[in-house]
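Look for chain A in each of the two complexes below; its partner is chain B in the first and chain C in the second.
Up next is the complex of A and B:
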């Protein structure tokens, strides 16, 4: 089905955002220590929905937080008592503004694993209760390669509402899902229905965006070749200067490994689910002391193969959305793009 | 400051004379002005090497990794890097005989904004203090200055300061990039990785970030050389230098102007005992 498209200008879009912030619980990129992070906002002045991709953390923490309480317990000689923690702060009905296309796609990728054999109800609730408003980038970042991966960035339905900067200050607002259509009906107030030229203008913007990419790859070729590269010496070479921190995984919009741990004082404790990473040397350490991935190249092999082979085989999608954040945040600029290109050469 | 040619020549010479097994230097990213560390094992690759005011990363960090362990290593060090190396030598982490050190009389490197980095402006020793070969003209030791940001923070009220640091700790994602990028963090098993530790282990909450970062910074008190590898590595852009510079100031003021790593073989402020150490804080 086709969804509604509206048009407005910069002032109109700001009004639209203000109205949303006034009416709904809204998250948007807020600057802190020189980078943007998605936080709850009370007004448009405090945030920047057009924050630069290279300097903005992903929206993953709003669905899979860095540390979430999963239960409380009390354990003493009389027995063990387990109870629910306080209500999930991320479960409320909410809107996220200024989401990047790649991050929204990241959620679609994560949906597969969260709805697989076990349904993560916390994730599902957060997902169902969220409206995603995504602005299409005008220019690709230095490390971006979203257009080279297995999803159609232009036609993406990973977000509910799309915002595109057209020519001469015209801004197009388009619903991309049923949820987005309903949301726009409710909040489109000051937006005018778009005329016939909208599709053309949005296409033109996409074309110029698509032409701005420095990085391009053929993901099918990579997927195919990577399958036979398990024993490749290249993993050792590409990981040579990796310093072994967890940054790439923690800031990745699709990495989803976690650990369970307790914070306990005397007889009472809280159990947490927190980020973990396969780049961490202790990640595969077993109770008996054996570690099947004791060296860096094996951990890097797991990371690259999981993203471009295992996940693809199991769920049909790559566990990478081409946002380039790993390369940007890596202390020594190792990029998953370079790694898989090198290994699949 | 551009020693690309000299470093390439030296590395080529060292490989051809069979004096080193690996060379740790910088290479260009290939797409922008920035550089990344590169570990070279083959003389044919020396033309990758570069060095100029974008050679930021402290390469001494690589001396703790497998690729360089028990090997003969050629390495490039700036002033701050060489201080870290001095400490590793003092702490018996590397063997001097295994190293061929190319020291740089550094003129300062550039920050992300393209201006000279703050730690370079405040640098007390821009020239390498330990080397086999020195490139550039030494400019000598400079006067210690208290970090401007420390003074600014100290001028704030307690509540405001507490709120500021709460913000810092709550923004930490516990990726440990700070620790992994620190040349002086080489413990085989770091205390913040202990499985049984209720303080640091597990959750990535504000409280665990507080304990992890504070413990880390105190383990570096009297050792940190202000290379700021940690701060540049932090994906959350946290002002980690505030922790280290505060420690450095306290130690400088209370331990006879001690600055770490300046003198070869000199032991750090916290692992030497002197009768003249202040003890008026002992109850």
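Up next is the complex of A and C:
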């Protein structure tokens, strides 16, 4: 089915945003020390939906928090008592503004792992209760390569509402899902229906966006070759500089490994579920000392192969969405793009 | 997800000191309803919590055919297992989530000769299947158990292996790595005894093996030499795990989730997987 497209201008878009923030619980990029993080906002002045991707944290923590309480317990001579923690603050009905296309795709990718077999109902609720409003970038970032991967960035339905900057200050607002269509019906009061030229203008914007990419790869070729590169010596070379800080995993929109840990004070305590990374030396260390991935190149191989081969094999989608954040944030300038290109050479 | 990670409380009915560093914990859910509904198949595992100290993955070492309780046999090997050994007494409470994972292919084993090859604490997952098969003895043909450990003190389930030895429908071979004055059984590592003493028939036989990585490695080589088809050799893997639900990503070997697709694999399956276990 085709969804509605509206048009407006900068002032109109701001009004549209203001109306959403006024009516719904809204998250948007909020600046702090030059970096942006998605937070609940009370007005448009506090946030910037057009924040630059390189300086913006992904929306992953709104669906998979950095650290979540699993349970509280009390254990003493009279017995043990386990209680579940309080209501999930991320489960409310909400809207996220200024979501990058790659991050929205990241959620689509994560849906597979959270929905197979055991269903992560917390994630599912957060997902179902969220409207994602995504602005298409005008220009690719230094480390971006989303258009080179296994998904169609232009026709993506990873977000509910798409916003595109057209020519001469015209801004197009388009529903991309049923949920988005309903949402726009409710909130597009000040927007006018787009005319026939909208599709053309949006295509033109996409073309100029696509042409601005510095990094490009042939995904099918890389994916095909990586499958045979398990024994490659290149993993040793590309991982040589890694200091194992795990920044890449924590800011990645699709890394989803976690650990379970206990915090105890006397007879009481809390159990947490927090981010973890396969780049940690202890990640696979077992009691007794056996460790299947004791050295760095094996851990980097796991990271690169999981992103570009294993996840695709298992769930049919690539685990890397090409946002380039890991390359931007890496203290020793390791880029997953360069890693897979070199390994698959 | 967070609800799925919350364990249910179990009471420790009994602690059996198997060896100097292995204890079997006999557990029962506090909620009787939960206990009667708790069904598992040989090969499955649970997440065992000592609240405040951590959660660990252990196979269930007893069979569902022996109702009312279930066993976890735990070797003191790391931080949490040391806490389990030093802090828990009979009557204490622990948290259990599960059962998780796949199980030994019970249907495929029917009508076959069974050969169990275990080493050290590796007998724990096999014990669940052995008990299950003994309780359904008519379904299987020849029944052989080869079990070894470093020394006679390191052999687990001493009372139970005696029972097995006294059971005329089972053939039980015990071995230790080095000779001892009071030991009148086989001496030698498991793969050696397998080839030189057990000399199993290949025809219609399924081998189920578990033990320390080094023993598994050489046992698989021995089985290759004896001419076993890798399809008929079944083992169970140990991997670091956290959630047991196919979410946390820790137990991945290639695109395989050991917690969901395993821990039971055939030797044939292992050959197609990256060697990261």
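Here is the rule we go by: the second predicted complex is superposed on the first by the 345 of 345 C-alpha atoms of A that agree within 3 Å, B and C clash if a C-alpha of one lies under 4 Å from a C-alpha of the other, contacts with A are read in each partner's own complex, and residues count from 1 in each chain.
Going forward, a residue touches a chain if its C-beta (ideal position, glycine included) is under 8 Å from a C-beta of that chain, and two chains touch if they have at least 3 such contacts.
Every value quoted in this text rests on a predicted model; they were computed, and no experiment measured them.
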Chain B and chain C placed together on chain A: clash or fit? fit
Note to self: Is A:303 touching anything from chain B or chain C once the two structures are fitted on A? First, second, both or neither.
What the structure shows: neither
Taking the CA centre of chain A as vertex, the centres of chain B and chain C subtend an angle, in steps of 10 degrees, of 90
*Should A:118 be classified as contacting the first partner (chain B), the second (chain C), both, or neither?*
second
Just checking: does A:230 make contact with chain B only, chain C only, both, or neither of them? Give me first, second, both or neither. second
Practice problem: For A:126, select first, second, both or neither according to whether it touches chain B, chain C, the two together, or no partner. | Solution: neither
| said: For A:105 in the superposed arrangement: first (chain B), second (chain C), both or neither? | reply: neither
Chosen between chain B and chain C, the partner touching more chain A residues is C
Check: Touch check for A:35: first (chain B), second (chain C), both, or neither?
Finding: first
Requested in this report: Could you look at A:329 and tell me whether it touches chain B, chain C, both or neither (first, second, both, neither)?
Outcome: first
So, A:142: does it touch chain B (first), chain C (second), both, or neither? first
Legend entry - Partner chain(s) touched by A:262 [first = chain B, second = chain C, both, neither]: both
For chain B against chain C after superposition, the smallest C-alpha distance in Å amounts to 7
Where chain B and chain C land on the same part of chain A: residues 259-262, 264
In their shared complex, chain A is touched by residues of chain C numbered 1-7, 9, 49, 51-56, 75, 77-81, 93, 95, 213, 238-240, 242-243, 245-250, 252-255, 260, 274, 276-277
Note: in the complex, chain A contacts chain C through residues 68-71, 73, 75, 79-80, 82, 84-85, 88, 113-114, 116-118, 120-123, 230, 256-262, 264, 269, 271, 273, 276, 278, 283-288, 290, 292-293, 298, 302, 305-306, 309-311, 313-314
Residue set of chain B touching chain A in the complex reads 29, 31-32, 34, 36-39, 57, 61-62, 65-67, 167-168, 171, 173-177, 179-181, 193, 195, 198, 201-205, 207-208, 229, 232-233, 235-239
Counting only contacts in the complex, chain A reaches chain B at residues 32-35, 37, 57, 66-67, 142, 214, 240-241, 243-247, 249-251, 259-264, 272, 274-275, 277, 282, 295-296, 329, 331-333
